[in-house]
């Protein structure tokens, strides 16, 4: 596939020219554009309306049942990383945005996500507004038919996920996921103004259209899907255990898990460059 | 010391409240404010005027000889990390800023810096405008009187520093460093505007006053200082070795090292909260 | 498959009972025996007879051409590690052992191997006599059709392997590999006698039959195989870079590479428990 | 100090010559013998006689009260590692050995120890008989006057130690420690015989004389010592959490902690080469 003409996106440090990254080729002969391989674990949990709605920022309303989606992405063969991979653990809530002109956008609000690679954390935060933090996210481990996923920070394991999905799913599972996802991923980009700490350089919602424009331009085979059950457990850290993130984990651990809503595992390839990322105004 | 009243600085994700960080206490009883322990290795290298000046952004002019300072900071006992530590490797150039109203500010322009902790990279970039990237930065290693420092990314060692400083320094060394530092550290904060990739949410210079206001409020004993010789070597990665940073290392490796300008090692305690960070306009 | 009755193999510390490991189940209900998934990269290099023969211990003779095999194993889904994986980088030489009674055993002599997991290093050395050392061995990285493999110790990359194998191989490739492997892997087990440093508690050759008895009992589908070209490069460390292993890497780097002998990549599942490991006397 | 003439100690792989290690110089000009810097945290806990005695192997009897000592060593500036460092967490029990000829040796029996460096694990096990296993052992973290120490394996934190030692100790603390230590560290070296799994290549007790002969030859200043309180907590892993070590941690977690017996922190330099290690027969 011929890549779309990409703009130049600068990030700090800007003085050395544009950095290679998820949204731009490095200008090297040996760079090959192409899709990324993924395994995506989705666990749904019905929560309490008040608690789940409280995760949303101004401008978004809870959409449908208060079902929190916990996603774990195992990414490999990433072209912009010269074939390396990384993992993502994210917390998503179905939400509806209504613009000033009445335009409605349904999406999945990304309350927080963790990645195990600093480079993609930086570009994702600053370019996309994705609220990425660092965690250790070991590769999925499968034992006796159960897949084990975990997230830790400096040896404190703050989340454990178990997924048992033996049943091959029909296409309706993909349809359901697409319906919940709506137009894509909604995030709240926020960058404080240096020195004027209570004001902001950026304070707006962004939309990551799903599927991405690149995925539409180079359609990949549908992923294989299996369904079954999943469990998510958070362990509450002290401030000393996770001095920069304990407040986030404490909030997630306090979410009442009213009812499990199943798990889906998807295996496939896709494009996640978010070149068509935009402000949701 | 009673900490100064700190403002609330939000960073992504904002929906869980303010995060504990270098510029704000977590509101926990067991948090103890106080200074951070450091060992700071400074290696000076005289470069070529054209190459060193080219590292500066618009608005800054080279000040004095084109002497690039390479700093390696080994930080420990950091209160906001509950006693953890991390390391920094930075590239600094003496610069002068002249404001529209003619006000002159002398400082050290921070062309790029690497840290081995994602959490401080995120807060430093977004709050301070420090152009931080991730690298592995092992603790200093001393063998046979030489201290060895290195920086690597995914097992590619891109910088090696050797420092031999046997001679105890007089106070004039600290005075010289203070003179070169001037008003503090100058950085170029840049955050792209989502979707409008060639515009920016933030695009301004910032000043990190040195010493910090906290250091002035709670003066620490002067650091011990030793002087001697130092060497810095960069290894040029391919794009595949460091797909997000190869262009930066290539530029640093191409800097002609005309003449070594000695090394200083400082050991002491100080405050590095940069609460008085401000826009340099 | 019903696992064969396994003996109890003790290792230090012995005072807590037998440890779960590659050769024994932990006596836990949720342990599931089964095969391990692997990708195996084999690169052959014709060397100089004198240099390659010098890698062999007393009792072994070089067999056929002095072709050194460099293997990189990417292991996943290992039952005794509850589904975790690890990687192996090994250096093998075709050899022939002639026993006192004239019995001839052909095998691949394992001059050295590196693994990125301390637990399997310990059991492999002490139980099998495999000369395992620790190295960082990142997962294989593929970019533009080339697979990149590396080995490093404390950020010094001492080996880089590139493999290009686009061509699907016929069964004769597996036959050739089996012929070179012969009866299996031959190692020199050596454990010094404490305090009598120049004598030994163990000083004998061992044989790891290939395929293992477990693999014969539960035959797996043949692996997929692709063939092509491969390159191996060693970087010579100083003593300071790799104080415990520099002498090994220096020897491997000094091996003249007379002619490349192709590369094979195998993907499949197998058993590597070496329960039938035995002394070669 | 002129190092004592050191013997050649071989370890696997033997085919490349003797490896540099804790008991032998590498034959490099830039190797400098000398002492190692350490911080040693000792926490004593009175246990139940039956449980503590059960940790001892045949040939050793419990000596005095069943006080288990938990040690955490933070080692830096290690000459044989070219200035690198590593950490040790060990479990020790006061014991008495009576030889066949009636000779009595008092020492500290080392039930198990963890290190965060594979290279020293291998040499320590095979040369000394020290029952070393791998764990992540972060550098000591101090916050609000308490030092926090932890041990984890693949993100499962299995031990947490807290030490509060504000009081400077008199020389009697060092005397007490020396009395408990007796002649040194006693270990049970055990190496199974390959293929004859229930027999052994080595199965004997060893003694690591303390102080070492090197420490006696080059006396170092006495360490600074502070005393106070300490706590040790073990977390019981499932087999899946720690498939090779869960049985050890479960045993340690089951030890009833009848009464705390204080903590000591020592800071100093010493020699830990154990060149005079010997079999205890």
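For reference, chains read A, B, C and D in written order, and residue numbers begin at 1 within each chain.
Criterion: a residue touches a chain if its C-beta (ideal position, glycine included) is under 8 Å from a C-beta of that chain, and two chains touch if they have at least 3 such contacts.
Every value quoted in this text rests on a predicted model; they were computed, and no experiment measured them.
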item	value
Most distant chain from subunit D, judged by the mean position of its C-alpha atoms	A
Numbering shared by both copies at the subunit C-subunit A contact, with half separating same from different	same
Between B-C and B-D, the pair joined by more C-beta contacts	B-D
Subunit A-subunit B separation of Cα centroids, rounded to whole Å	31
Length of the line joining the C-alpha centres of subunit B and subunit D, rounded to whole Å	39
Centroid distance [mean C-alpha coordinates] between subunit C and subunit B, Å	45
Contacts with two or more other chains, residues of subunit C listed in rising order	30-31, 82-84, 143, 148, 154, 240
Graph class of chain-chain contacts, one of line, ring, star, complete, other	complete
Subunit B - residues contacting subunit A, complex	7-21, 23, 26, 28, 30-31, 55-57, 80-84, 111-112, 118-119, 121-123, 125-134, 154, 188-198, 200-202, 204, 206, 239-240, 243-248, 251, 276-279
For the subunit C and subunit B complex, residues of the former touching the latter	136, 138, 143, 148, 150, 152, 154-157, 240
Contact set on subunit B toward subunit D in their complex	30-32, 77, 79, 82-85, 139, 141-144, 148
